[in-house]
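Below are two complexes that have subunit A in common, paired first with subunit B and then with subunit C.
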Partner chain A sequence: IGEPVPPQRVEIHKLRQGENLILGFSIGGGIDQDPSQNPFSEDKTDKGIYVTRVSEGGPAEIAGLQIGDKIMQVNGWDMTMVTHDQARKRLTKRSEEVVRLLVTRQSLQKAVQQSMLS
Partner chain B sequence: MFSRNHRSRVTVARGSALEMEFKRGRFRLSVFSDPPEDTELQRKLDHEIRMREGACKLLAACSQREQALEATKSLLVCNSRILSYMGELQRRKEAQVLGKTGRRPSDSGPPAERSPCRGRVCISDIRIPLMWKDTEYFKNKGDLHRWAVFLLLQLGEQIQDTEMVLVDRTLTDISFQNNVLFSEAGPDFELRLELYGACVEEEGALAGAPKRLATKLSSSLGRSSGKRVRASLDSAGSSGSSPILLPTPAVGGPRYHLLAHTTLTLAAVQNGFRTHDLTLAGHEESPAWLPLYGSVCCRLAAQPFCMTQPTAGGTLRVQQAGELQNGARVHGVLKGTNLFCYRKPEDADTGEEPLFTIAINKETRVRAGELEQAAGRPFTLSISNRYGDDEVTHTLQAESREALHNWMEALWQLFFDMSQWKHCCDEVMKIESPTPRKPPQALAKQGSLYHEMAIEPLDDIAAVTDILAQREGPRLETPPPWLAMFTDQPALPNPCSPASVAPASAWTHPLPWGRPRTFSLDAVPPDHPLGASRSVAPLPSQRSSRSRGLYNKGPLRTWLQSPV
Partner chain C sequence: MDTESTYSGYSYYSSHSKKSHRPGERTRERHKSPRNKDGRGSEKSVTIQAPTGEPLLANDSARTEEVQDDNWGETTTAITGTSEHSISQEDIARISKDMEDSVGLDCKRYLGLTVASFLGLLVFLTPVAFILLPPILWREELEPCGTICEGLFISVSFKLLILLIGTWALFFRKQRADVPRVFVFRALLLVLIFLFVVSYWLFYGVRILDSRDRNYQGIVQYAVSLVDALLFIHYLAIILLELRQLQPMFTLQVVRSTDGESRFYSLGHLSIQRAALVVLENYYKDFTIYNPNLLTASKFRAAKHMAGLKVYNVDGPSNNATGQSRAMIAAAARRRDSSHNELYYEEAEHERRVKKRRARLVVAVEEAFLHIQRLQAEEQQKAPGEVMEPREAAQAIFPSMARALQRYLRATRQQHFHSMESILQHLACCITNGMTPKAFLERYLSAGPTLQYDKERWLSTQWRLISDEAVTNGLRDGIVFVLKCLDFSLVVNVKKIPFIVLSEEFIDPKSHKFVLRLQSETSV
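Our next item is the complex of A and B:
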């Protein structure tokens, strides 16, 4: 079963790909999205931003980000009350090469189950 | 045997005489007049023939694989029923002929052998465990291999089927929700279960073993009916006794294969869940092979009619041995393992409590005859039960010799039924009437756009939105019932709450690794109230040229994902 894990700090160094700086993961959620379709959240009214995919070998994976993580902050900016596009923008600022995320994670067992389904 | 021009070539007939009759559309008991049971069977046969025509048409019109799977299943079930009924009619016809030319019933020969009462047999809560190897989870991570399976159940000439369920490696068991009831079975019944499966994806689409590919090629090349029939008969023969379901591949359509079977009899009946062995047909290389654990768990209940229906009733004078006064005059009703004695006949119907009840079970002893020889006490029988060390005897007096004879006869029949139905007569097993099954709906296409094409979404938003617009075509208001297999939430949406659509359905399709990153378009479509306009959900884009006006300020029912 396992207790909920305390919030994790994840520091991602973006990777330059041509003109873009990428982090190597995908996000879902936002206050303008339908939270009931979020498969990772325990509370189906939670409109927060979640990690829905982590690219193999990408900067996010290297930094220890995991699928199902909920992103609470990015470089100090709150991510619990943002729209989907605002969240994306806060992660992809061209002027920032490093982003520091504060994430919360479900218990280890649940996280394993989720990753086996994907 | 087959005519190439015949439109529906999906029938393989067992006996050629029957087949010729069937093809001519004439199958009647022509020689003798039909007894009422046979007209009933004939009616059922005609009904199945009509259903079969409908299923053929539907199959020809199917464009999607899931629809074709349902239609093929219906067709196969119809075919099996038709052959079963025809076989039964033939058997009855032969029995009739023998009966009429044999001895006459009015002869005083030995009395007809007592036959046990019939009963209802119900199988429910069927669960078949699967046994995925650990490697299955990590092999083909991008492709979720799915099977469509259903059970065919035969008891006597009755054939019933369960709903079709979809199975993939995220499931630990195959579960069938509905219960199947056979309304007339004898205690010597044999309930045959057969599990059929078909691949949801086209069999050639997945990287299969070369053998599977070769099978597919050889079955689709050179569409000579003879070759296909031979192949299908071969596969039928290899599974041992001939299966209920004839392997009748539809032209170019999906094909069901027998995966496992078992036969359940009275010994398997229990008022609770039990696990039985399944005989597996085929092996890893067989088409549509599923890793079955080898058991089936279910509740098989039987309700003999003697337990649920009264078998005798009438006026009796009952006296308990040892009591001095004249016996009470009651209305007795023999039902199940009890003789209920009511004050008056109407009480039995109105649900009044009986005055008293005499147990009749396999330990009871019944003696006919003039035991109580006190003057003027004819037509009596006595019933004795043992309770611990005590023996309690009741003496029943019937109104006439004939009435006494009827009571005796009913009691002997009851004892006989109890000896035949055995533990089913210990107590009445509950059987729930099966809820009427919803007709199989056109299944929503489960596939995501990942399977339809790979796109570079950052470059081609227009293409994606076009596709979305097209997909906002006919959609089910309610997800198909089998969706409940994939999620804990009920399959039917609750129109009142915003969380009204089963969300997990989109997620049983894993996001494929290594494919170009796309936006997830698996999001289940908005649950539109009837008549609402259908608008395409806008996608976030990296392009600065996108106008802000695209944002839909209304309640957005999507859950978008963006790569960063």
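Our next item is the complex of A and C:
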């Protein structure tokens, strides 16, 4: 099963694409969403923000973010009890070029299993 | 109870003297009645019926009975010569048993009726006798009693009238069946009434007649109390005989032994024989008619499958029968043959053929019905020459559909259920009542319940109840009894309706609230 992995700090440098700054991943979850449909969470009542997709070659992948990670903090802001839209806003602030995330992920084997099942 | 009797010297044609009473019995082999439009009416050929297995007898009985319709007295000598050696033992036993049964049960039925009527008469005359005897015997010593007695006379007469009507309604109904044993509750009630009336007479005889009691009002009140008590006994009779059985407590599953058709009936607390009666009454209207022609195929199939195997005993003359049969069964199971294939293709082919003939039949009937038009009342005077009665109209359009109908009936093996006469009658009835072609055809497209057909097709109305418990016992969960008639049997399985625990739950109509749950994914 493997030992539990401690929370990781991931620093993503946003990439400028035209007018937008993109990070290169997708999020799911939030306190206004249905937690039972989250394929990555271990506890199906967990309403946190999860990484559902990481685009290839994007800034998130380069920084080491993985699919299924749960985002705990973004630049110091808590992400465990926010709505989906609030999470999106905190990640896409135009004034910030670098975001520092605190993420947790399940043990390696479970993460592999989950990504294979979903 | 039924007695097992063997052939003990009744000659074959003397048993036919009973034929006039029971036309239903002997017509079991009557697939060849002359009214059958197939033309098999007068043919002497044999129909092989696997269940009965007596083709020769069928041949003889058809011939003898048709001759017998005209003048059996002259032909008896011709009958005995050929029929004696072709009767099987089973058939003889059946014929003689039928005769004996009918005699025995008639006596029992009339005995019960006479006892009941005698008792009824006694019961009705008793209060009248109580009231009338004192004035007749010792009028001078009797105290006069005015309005009170007259009031009591009126009440006695009306109560007796009510009792009379109630007894007539409850007890004197036409008996609809012969049952093997006496009804327990009825017998108990008769005994109760008898004891009751006897005790009243005893008291009356000792205290009133002997001592010549002079208080006439007391005597009349005594008679009134008797009538009141009789009314209460009548109430008890209603409860025991009628009301107690109304609440359903058991469900009976009735399965026919030949083709597995089954039905379910709900009954209350009845004795086994009464439950059997209910089952039989419903049998005639719920079960499709028994058709022996549909059963012959499966036995032949199975026989063919096992036919090619022979057992050779290599180790010497040991007579191990069970070992041999087990070996045969095992070999037949392992044997790889294609009988299932044959069955599948045969059934598919049969279905196709039936459907095709049915399509032809429907078209023919629809076309035939198009030609008939109902005349309105005003038009009836206009063309008197061509106006037809329903029967004539039926005969006019029948030939156009006769062939298609006959072929369809042959394909579904129902041809012996419908004679040309019955079809014409049905057609006339449908025309009279303005039925559509489809309504006319429904009767022939599929087999209906036994009641739908002529009485001669009903085959048997004599049934035997086979049960390992006494037939006057009440129904219980798990009882199995069998109702056997000549051609098949009905296996009845009794199951108790389970005790249902019903509880209530209140849901506030305002508590139905809903929320939308999403799972969105946003790219950042």
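Following the convention adopted for this analysis, the second predicted complex is superposed on the first by the 113 of 118 C-alpha atoms of A that agree within 3 Å, B and C clash if a C-alpha of one lies under 4 Å from a C-alpha of the other, contacts with A are read in each partner's own complex, and residues count from 1 in each chain.
Please note the rule applied: contacts are C-beta pairs under 8 Å (C-beta built on N, C-alpha and C of every residue); 3 or more make two chains touch, one makes a residue touch a chain.
The model shown is predicted, which means the values in this text are computed figures rather than measured ones.
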Which of subunit B and subunit C A:88 touches, first, second, both or neither: both
Dominant contact partner of subunit A by residue count, subunit C or subunit B: B
Touching partner for A:27 - first (subunit B), second (subunit C), both, neither: both
Contacts of A:97 with subunit B and subunit C, given as first, second, both or neither: neither
Which of subunit B and subunit C A:56 touches, first, second, both or neither: first
First, second, both or neither for A:42, with subunit B first and subunit C second: neither
On subunit A, the residue positions that both subunit B and subunit C contact, one per complex: 22-23, 25-28, 32-34, 37-38, 52-53, 55, 84, 88, 91-92
In the complex with subunit B, residue positions of subunit A that touch it: 22-23, 25-30, 32-39, 44-45, 52-53, 55-56, 84-85, 88, 91-92, 116-118
Contact set on subunit C toward subunit A in their complex: 517-524
Subunit B residues within the subunit A interface of the complex: 137, 170, 498-501, 503-504, 506-508, 510-511, 513-514, 517, 520, 523-524, 540, 542, 551, 556-564
Touching residues on subunit A, where the partner in the complex is subunit C: 22-23, 25-28, 32-34, 37-38, 52-53, 55, 84, 88, 91-92
